[in-house]
Amino acid sequence: MLKKLLHSREVTALAFVVFMFLGVGAINPAFLTPANIWLCLNSSVVYTVVAVGIALVIITGEIDVSVGATLGMTAAVSGTMIRNGEPWILAIGAALLIGLLIGSINGFGVTVLKIPSIIMTLGINGIVRGLIYVFTNGKWVENIPFDFKNLSQGRLFSSITFFYLGAILLIVAVHLILTRTKRGRYLAAVGDNIGGATLLGIPVDTTKFSAFALCGVLAAVGGVLFVSRVGFVTPIAGNGYEMKVIAACVLGGISLSGGVGTVIGAGLGAAIMASISRILVFVGFSSDYDDTITGILLIIIVVSDALLRRRAVEQARRQRLAAKTQLLAADGKEATAGE
Amino acid sequence: MNKLKKQFLRWETFLVLVILLEFLVFGSLNPKFLNMKRLFSGLNQFIPVCIISLFVTFVMITGGIDIQAGSIVGLTSITVGVLWHDANLNIFVACILALIGGALCGALSGFFVAYTGVQPMVVTLGGSFLYSGLALAVSNMSSNAAYQGISDFPEAFRALSKTQLFDAVPMQFVIFFVLVIVSYVLLHRTNYGRKIFLCGVNPNAAEFSGINTRAVVMSTYMLSGLSAAMAGILLTAYLGTAKADMGSEYTLPIITAVVLGGTSNLGGSGGVIGSALAALAVGFLRIGLSLNGMSTQYLDIPVGILLVVTVSFRFAGTNPKLRKLFSRKKRQTVVTRAS
Amino acid sequence: MNESVRLPDDAMLSVRGITKAFGSNCVLKGVDMDIAKGSVVALIGGNGAGKSTLVKIVMGIYQPDEGEVFLEGKAAKLGKPAASLAAGIYLVPQEPMLFPNMTVEENVLMGFMEKSSDLHKRLVTLLGHLGWKLDLNRKAATLSIAEQQLVELLRGLMRDARLLILDEPTSSLTFNEVESLFAIVEDLKAKGISIIYITHRLTEVFQIADRVLIMRDGVITLNGPVCDFTREMLVAGLLPPNADNHGAQTVCKTVSHEGREPALVIDHLTGYGFRDVSLKVYPGEILGLAGVVGAGRTELATTVFGRDTVKSGKVYVEGKDVTGLSTRGMLDAGLNYVAEDRFLNGIFRISDVAANTTAANLNHMSKFFINFKEERRVTDQFIQAFRTKVTGRDQLIGSLSGGNQQKVVIARSLSTHPKVLILDEPTRGIDAAARGDVYAIIEQLKEQGLAILLISSDMEEIVELSDRAVTMYCGHINKEFAKCDICQDHLMSAAFGVTEGSAKNA
């Protein structure tokens, strides 16, 4: 059991986070204060929630590059409603509905129309991005009531915000669903071996559709959180988020080919992504290098992952072939024994 | 090749019809659309996308994808600026170095795709982070502040885009036209281009035919990076400013143009003429709509819709359930190898 | 149409009149079969006989064009895998289809609807009862093939399968693992579970099966209790009628190769899937390489061609050492290979005939630009010479019939002007007329002085074309044949490992 834990990709990601923090702390001890660490983690809450959503899609072997647009749209809509004095419940509900709608459209395109997910979500991304402008008329959504913004500041024991606590609970809940429930396991099955899944009677299309729908909903949750944390919404809110959360998932051990990884890894990856900026500042680099570091990390991880996988496949093939040549000796023995 | 050409021409004819339709509709709605000078000037900012689409076609024919081209545009732009402004290199030498740089950027990702088997999407995702990060780093090396960008380029350089052939056709368009011819010849008339197709249709069979598939695949990414660098230089000459974040929004239009142009994301089919026509169609769509009052930020909506609608018709044909719905004929069983 | 069908009383599974065609290729031509409860039925057949298709129909993966399936006397509609699973049928595929990144337990329990804890208890009890040592928490990707097959078996057993289909279960197992498997099969039989056991290994048939069915060309040709047969009789059942006399010559003419250098020398070559293979092929001769699927012939060919690692040994083409060269190097040295799986490795499906023909030779036709004129000339030349039925040079190869596709692939392999040509299953899946054409082409090539290594599972073909022959069994060359010895009977026996002096039916 311990061995399994040690070899898991999540532990590697966690170890990476820990070493990263320690390493930075060594260079600049001011980094390792509890206040700062909590700051890093708390600020990653939006990334985390959206990353969990996209992790669901990636685990089934698909991709969704429209989550940033969904986040922006739901942030704009809920922000506007809250600013206009609508009950918060209504605003949040509207946001979730929109997220569900966008996710479902993506799911429909991929499972029914059989459009490759990269193209479908790319198109939807463009459409939703434009719709944000239509909705906001190009203006910022400002003057969000203080009470709503303050929600993001609420903390437990002056350390972890309620939002981040919620995110952690979300990760735990989703993880349990994915690993312990029948239907939850279907996601990984579909991504791991779609042929095998079909043979076992697993409803592949329904599973993928649900993943896209849930991803949309979680992106919407991210949108609402965004409004509270940032306090205003510009028409380009969420731009580029999709790439960041995909990177977060990869950093957290999720493989883009599907079937591998957990939402815990997504959460860890999100924490890494959010921290890189702050880390750079503490180490003395300009935060401009944020993207560079992310890019390098990403490339290193996926390349090593691909190489490892290649090696495993090749070894399995050779094992298989070696076994085939062995039986002659045995058969020979057999033949003479039977005389 | 004739039969293939015949098939191509059918899709490309469709694109030509789309363009004619656009002229008809937009021209009648607003005769200013038909003003050649105005048309060209509106197209100027879109030419970089058109150019890059030509060579991303090469990449997609091998079955890959390239989402880092936009970042290379910015990197090239700022590199030219910094090399000229701060390193005091001759502007054209700076351009040549930048072109080499662009090719190298493409080569890095291409190498990983071809020789380690990573998924093109992920590695070019990492590349997009890396190169935009590098662009920012390069801009920090300049004495000018990042947001200012570098300006005051010599006239000879600006002439790259300011000159007009026959006093009407801007240089950019001429360069695009030349590149269309070059890429067409390269892809459809040389051994190299033929190999690209073969690698995309069946990499195994290509290997058995003695084709070095890995070198071929890697080279397509180099070409794509090179074209992004070219686009970056042209854009810088046109705008007169070098900025690190140029091209950051190019990914959607580039992929749209290539897919709309008839290239399948599975590889093995496609063509530059289609991509060129599709890019122009998208460009004219944007110009026409903006001339008729649609604000620039909304323009992604129709582009996204165009992409989704076109692709859904292409792919919906592969969903057996849908085919059953629409056809009375007995469902064709897929031809598989019996054992 | 409701005909009343007479079925045996104790039949677990019965099929009547099953017909299945893929496109124009008719794979099953009216199959009748009965599987009694609690019996092990061995299903034997050569490559292409239709065994896999038949069991896939039983498993609900394919639907028959005609015919019916009966379960315990009642007609069953198995429209999708879930239906067969629900009916108690489980197919253990030859290549296990597990989820590599999930644990053994997750793999076995995937798709069940009951409570996790209940299932876990059931699984643990089952394992204890079977006495298997399998760590439920290991990731499937780390399991050996034998262990993966056990996991597949567990899936079937957990579903209380009443009919298990084992598709070549021992093809990748070691000797000890095979023994374990047999013990399991006996155990299952005792529990009343019926088993269809697909295999190439005749020894196993006698060890484990109660009845044996032989399939050939889409029909069952032999059917009866195992004790009624000897090995030789089984082999005979695999051959077409009158096969024994076909090809065997009374006068044994050994062709003298004196003074001539072999064009291809394979010297003690060991690679993945084969060991210590030594062969010589002379110019102007056809060496037939026979064996069953999985014997290692294709692995030998692809390794010789430079596509896989050579562990030891050497390969010489016209005296030149070409061991381990790149494919391009091999082509330039005068060796070419026509791949076994046309669809996977041979054709550029959505490219036209001309592109397919010249794919290997582009750089020799011109330096930089495609030499369309030369391409047209070469393509036309081959189309004429091979009588390939095409509407034009520009027809997409995917729309040609299998036979014509094969002609184009062969044309491509000849465009590099090889001295040695390895043909791997050149007539698989093509109709009789095209087959005749391909044979004529091969004969022509022989006359032109090419050295040809012909790999085929079709014994008739080996007999008809070869000047000499060898058989491969489990990765080794186990018998050589001079021209007079080449007949289907001998070849088939050797391919199935039945060589001189081996045990008759016990």
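Every chain is named by a letter (A, B and C) in the order it is written, and numbering of its residues begins at 1.
One rule holds in what follows: contacts are C-beta pairs under 8 Å (C-beta built on N, C-alpha and C of every residue); 3 or more make two chains touch, one makes a residue touch a chain.
These numbers were taken from a predicted model, which means no experiment stands behind them.
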Farthest chain relative to chain A (centres taken as mean CA coordinates): C
Between B-C and A-B, which chain pair is linked by the larger number of C-beta contacts? A-B
Compute the distance, rounded to whole Å, between the mean C-alpha positions of chain B and chain C. 45
CA centroids of chain A and chain B: separation to the nearest Å works out as 28
Where on chain C does chain A make contact in their complex? 61, 80-82, 85, 97-102, 106, 110-113, 116, 137, 141, 144-145, 155, 170-175, 178, 201, 203, 272-275, 294, 296, 299, 473-476, 478, 497, 502-503, 506
Tell me, which parts of chain B touch chain A in their complex? 65, 112, 116-119, 121-123, 125-134, 136-137, 140, 146, 251-252, 255-256, 259, 265, 295, 297-305, 307-308, 311-312, 315-316, 318-319, 321-322
Could you pull out which chain A residues touch chain C in their complex? 1, 4, 180, 182, 185, 188-189, 192-193, 195-202, 259-260, 312, 316-331, 334-339
Chain A contacts chain B in the complex at 63, 109, 112-116, 118-120, 122-131, 133-134, 138, 235, 243, 246-247, 250, 256-257, 286, 288-299, 302-303, 305-307, 309-310
Which stretch or stretches of chain C touch chain B in the complex? 22-23, 25, 27, 47-48, 50-53, 62, 305, 307, 326-328, 330-331, 337, 339, 341, 343-352, 354-355, 359-360, 362-363, 366, 368-370, 372, 392-396, 412, 416, 429
